[in-house]
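Before anything else, here is the set of structures, which you'll find just below.
Shared chain: subunit A. Partners: subunit B in the first complex, subunit C in the second.
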Partner chain A sequence: MSSWINENGPLLFLALLDGTVTAFVLALIALGLSLVFGVMRIVNIAHGEFFMLGAVFSWFAFDLTDDPLWGFLLALVLAPALVGGIAVFSDRFILRKIKYHPESTIVATIGLLYVIQSLTLIVFGPEARAVEAPLYFRIQFPWFGYSGYKLIVAGMSALGLLGVWLLMIRSKLGLYMRATQQDLEIAKTYGVPTKKIYAAVFALGGGLAALAGVLVVPIRQADHLMGLEPLLLSFIVVIIGGLGSIRGTIVAAFIIGISDGIISVFYEPTLAKMLATLFVAMVLVLKPSGLYGEEVA
Partner chain B sequence: MVKKDLEKVDQASELNLSRRNVLGAGALVAGAGIIGSQMIDPIAGIAHAAGSDAPIKIGFQAHRTGIGALYGRWYERTTNAAVKHINSIGGIAGRPVEIITEDDGTDPKRGADVVEKLATQHKVDFVFGTLFSHVVMGSAPRAGELKIPYFVVSEGYHVASGALNRYVFQPCITDVRAQISAVSGWMFNNLGKNVTIIYPDYAFGYNHRDYASAAAEKHGGKIVAKIAIPPTESSYTRYFVKIPKNTDVIYHVMVGPGVLTFVRELGEHFGPNHPQLFGFIDSLEGVNISSPGLDFLDGSHFWEAMPRYASAADSAGSRFYRNAVGVDNSGASKSDSKDVAAYSHMFGCWETLFAIKEAVEQSGYKSKKDYATLIETMEGFTGFNEGIAHPQGSKAFSGKTHQCYGQQFVSKVGNGKLNVVHKTSIADGMYEPETDYTKQSL
Partner chain C sequence: MLKIDKISSRYAQVQVLKDVSLEVREGEVLGLLGRNGAGKSTLLKSIMGLVEVNAGSISMDDVILSELQAHQIPKNGIGYVPQGRRLFSELTVEENLKMGLLVRDSSKDVLEWALSLFPVLKTRMSQKSGTLSGGEQQMVATARALCIQPKFLLMDEPSEGLMPSMIETIFETIEKLKNENVGVLLVEQKIEGTLRVSDRIVFMENGFMREESDPQALAENPEPLAKYVGVKAHAS
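Showing the complex of A and B:
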């Protein structure tokens, strides 16, 4: 046993560390998708593009300021706001026009995905562009080193999650959101401005994805196709966690993040993706509403 | 110093100028021929006129988007610069060159479609320029079916292996097998015997895996681990824990949008006490070597096909080329120092266009009906001499394998740049041909 720990302890530590960072970022991205589904009852296929836009805006902010820290701070404020604005615009002129019809919104958001992707390709170009981290340092553990900025990313994602949780339980907006989620008609009757709530939720979902994009871009690079992977992972997380459940989303993000870390380190990263997909299939068969989802009648 | 060199280059261009005069005279003779033939047969005369004055159309299959976009951008700039120069010295066989570019998205399926579109819709004379090996593998069979000469600038061993067909040539960039054969001896003898190889998980990467293993046997080295990474991966730390502790040298080659992250995470993982690093420049192609987080690379080694940083050892042809493609002395675009060139690959586009020029002019190619003669002429080539047309250096060419062999460089990182420490000979990379395309029917 002790020899196993000696040999594999560092690997397990790295797997947990890497898995935790993945889990926090994933939770932040997936939470946006989950909120949109929970409150608006629509599936936003363009969610990954909001993440990509966050990363791309971050590059523009970095290029504009030519300073990693100021660029990062500017992007941290502006990117979620701009993406939120795009989300409000899409809600007003696309989703509301098709009356949030479930099938139509899937097709409409697929269209939105391509529009955003192609516009980014035209404006930003096809290559991957690097954004410098606002703080760059390396933490040396006895067995290996690790990027200090990745831990900052995990920490800031955790703050983002805490912020959303406080918004949901402490603010009037959160109350309205929960009311709309529980019963749209009754919420309307009680004077909840549901149209505005829909716009706000779509903006919040997009803003969270953009925030994740801003945080992640210094540890990878910005390119116009980077939205696909987080979209797939978010779907996996949201389906496992239960559509619309904040708690479920966070728990599922940790299940996926940590298992991805452990399976990748001890076996193969590709196997981790395969098992995650298999897990989704099993959840859909055995408990279609997800771990924490409401039972769908 | 620089001025002197430019003068040298001017002299070289003058040589070309005199060649233009010769071509001009040739055109006059041809013109006289047309007048003569028109008197006998007006229809044949028109056909002749179209043959001699109409531009030579070369279809350029470019990776404008997708994981090869960075290379694609520089391949396109180099191609345009080469065509500009070729047209300024009288074109190909007196005909101007016209490039028709189509994006294949670095996608094998789209690659085949692009070849077809260039051949059947744009009716180009030749198709050229493909880089990523999986795209070449996907596109080359279509070129063979359409029977159109297809000149790739790809590095993969697929041409010389015999996996493709007689219409496919790689005349101006050395393949991976030859690159590894040439530099791995230096690596095993100077850096260490126990090597872990990290490579992209597709055709090009497998060439590295297989020929590095073969080279290890030859040089008394040992490949202690082989780590494949999907080219679309965005996080690498989890792969680095698989590097065994007894590794003396990490042999790394990576491509795609994540290369900077790959190298940076390698540095984060090991810190200053890393094993020796021997990278193929692909891992850093288009990336500034003094980017934040890359200081750990100081003292490590890279293979380069053509040195990114200019030095006093550069030939006049090499200097002319660097200037013509708009690259400064540190390997970045002259107009944007952040835009670093794919310098170890893009010369292949420049040189291939000159190889096409030579083949067309020697074979007397006029139109598509002359493909057989053109192919046989190129198969008769034995090499190319260093100069403006071949700035990377002289090359040997095998008509059997349709593949060229050139010199390679090993560079060491120091003072935030790459400094050449070893230059191989052409012979270092040569191997026994495994195929003979000339036996295939046309």
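Showing the complex of A and C:
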């Protein structure tokens, strides 16, 4: 055992570091999807495109300012706001028009996915574009050096999650969101403007995905097809954690993120995805509502 | 005054209420009786804007409530205690009550007043409301509506599923509200208690308002009770 640790300890540490960064980012993206489902009861297939738009807007900000730090800061503010605006527009003119009907919204958000993807292809082009990290430094561990920016990504994602938690627990908007999630009809009888709450939730969900896109793009490149993988992973996380559960989403993101990091380092990234999918199947069989989801009678 | 003027309401294509008219005055308890499916709960939901009113109007003083969106109606001072309590079960008792306070920016004094009616809730404030007993949940549901500072309170079967001592507490609370000049529109299955606290009784059948009476008259002649509720006799 001790010889295994001596031999593989540094690799395991690297896997845990990478897994933690992945987990925080995944939690940020999946939380948006989970909130939208929890409060609005719709499955937003276009959620990954909001992530992609965050990354693409980040590239534009970088291109505009020609400075990695200023570009990053500009994108950090503007990308979630712009994507939130697009989400509000989509809510008002698509989802509300079809009265948030569960099946119809799946079809509508598939359409939204293709519209956003195609427009991005037209404006941004087909090639992947790199965005420089706003800060570049390495943290030297005894066995290897590690990207300081990746730890900043994890830290800022954690701040984002904390912000959402505070919003939900401490603010009037959060109280109204939770009340709407639990009983839409009774929320109305307590003065909650549920249409505005829906728009706010959809904007928040989109904004969180866009924020993740801004944070991640210096680690990978921006391209118009990059929304698919985070969408699938988010679904895995949200199903495991329990649809609509914030706590479940964060716990599941860590299960998937850390296991992905370890399996990817010691075996193969593809195996990590396979096992994650298998885990989803097991959860669906053993506890269909997810680890922290409400049981449906 | 809460005035319902010849309203018809429907769920999708099903017409449930037909040409219903009634008035509730401040400080008055109006008992609404009828068999299951008579349209009592639909009438309360229509007032709250939860069911489409396709004819007639609902107004309170100078405000036409039936022209407002559902979330604007409680801001005019209409509280609703729904059937089955329907608390926000994952929210704490305190958060449920806060939902009521936020409707009209009520002060802490209002909260104190509501809690004074149900002192046991003071010890439950941080507890998730879904974990309370049925009786305590009914107290929260009523206190939550009272935090709106309602001029009128709509109560839909508040005694449903409660033990006798708790039912008595609910009726005592209704009497206290009457003394506070709150108008109450009460839908109930407990006939005896309803007759005791109500100033007037309205009977509904098949979506129509059939008859109005007063509790004393019903004590002498219980025939409408037998006709519209299926109660052959009642204890006076």
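The working rule: the second predicted complex is superposed on the first by the 297 of 297 C-alpha atoms of A that agree within 3 Å, B and C clash if a C-alpha of one lies under 4 Å from a C-alpha of the other, contacts with A are read in each partner's own complex, and residues count from 1 in each chain.
Basically, contacts are C-beta pairs under 8 Å (C-beta built on N, C-alpha and C of every residue); 3 or more make two chains touch, one makes a residue touch a chain.
Everything quoted here is computed from the prediction, not taken from an experiment.
Visitor: Pick one for A:182: touches subunit B only (first), subunit C only (second), both, or neither.
Guide: After superposing on A, A:182 lies in contact with subunit C but is clear of subunit B.
Visitor: Regarding the shared-chain residue A:145, is it in contact with subunit B (first), subunit C (second), both, or neither?
Guide: first
Visitor: Is A:221 touching the first partner subunit B, the second partner subunit C, both, or neither of them?
Guide: Touch status of A:221: first partner only.
Visitor: I'd like to know which partner A:67 touches here: subunit B for first, subunit C for second, both or neither.
Guide: neither
Visitor: For A:193, select first, second, both or neither according to whether it touches subunit B, subunit C, the two together, or no partner.
Guide: second
Visitor: Hey, is it subunit B or subunit C that touches more of subunit A?
Guide: B
Visitor: Taking the two structures together, which residues of subunit A meet both subunit B and subunit C?
Guide: none
Visitor: Looking at the complex, which residues from subunit A come into contact with subunit B?
Guide: It is residues 10-11, 14-15, 18, 22, 68, 121, 125-128, 130, 132-133, 136, 138, 140, 144-147, 219-221, 223, 225-226, 229, 261, 264-265, 269-270 of subunit A that touch subunit B.
Visitor: Flag every residue of subunit A that touches subunit C in the complex, lowest number first.
Guide: Spelled out, the residues of subunit A in touch with subunit C are 172, 175, 178-179, 182-183, 185-194.
Visitor: Spell out the residues on subunit C that touch subunit A in their complex, using ranges where they run on.
Guide: 48-50, 69-75, 80, 82, 86, 88-91, 95, 98-100, 102-104, 144, 148
Visitor: In the complex of these two chains, what residues of subunit B are touching subunit A?
Guide: 64-66, 69-70, 72-73, 230, 233-235, 237-241, 257-258, 260-261, 265, 267-271, 286-287, 291-293
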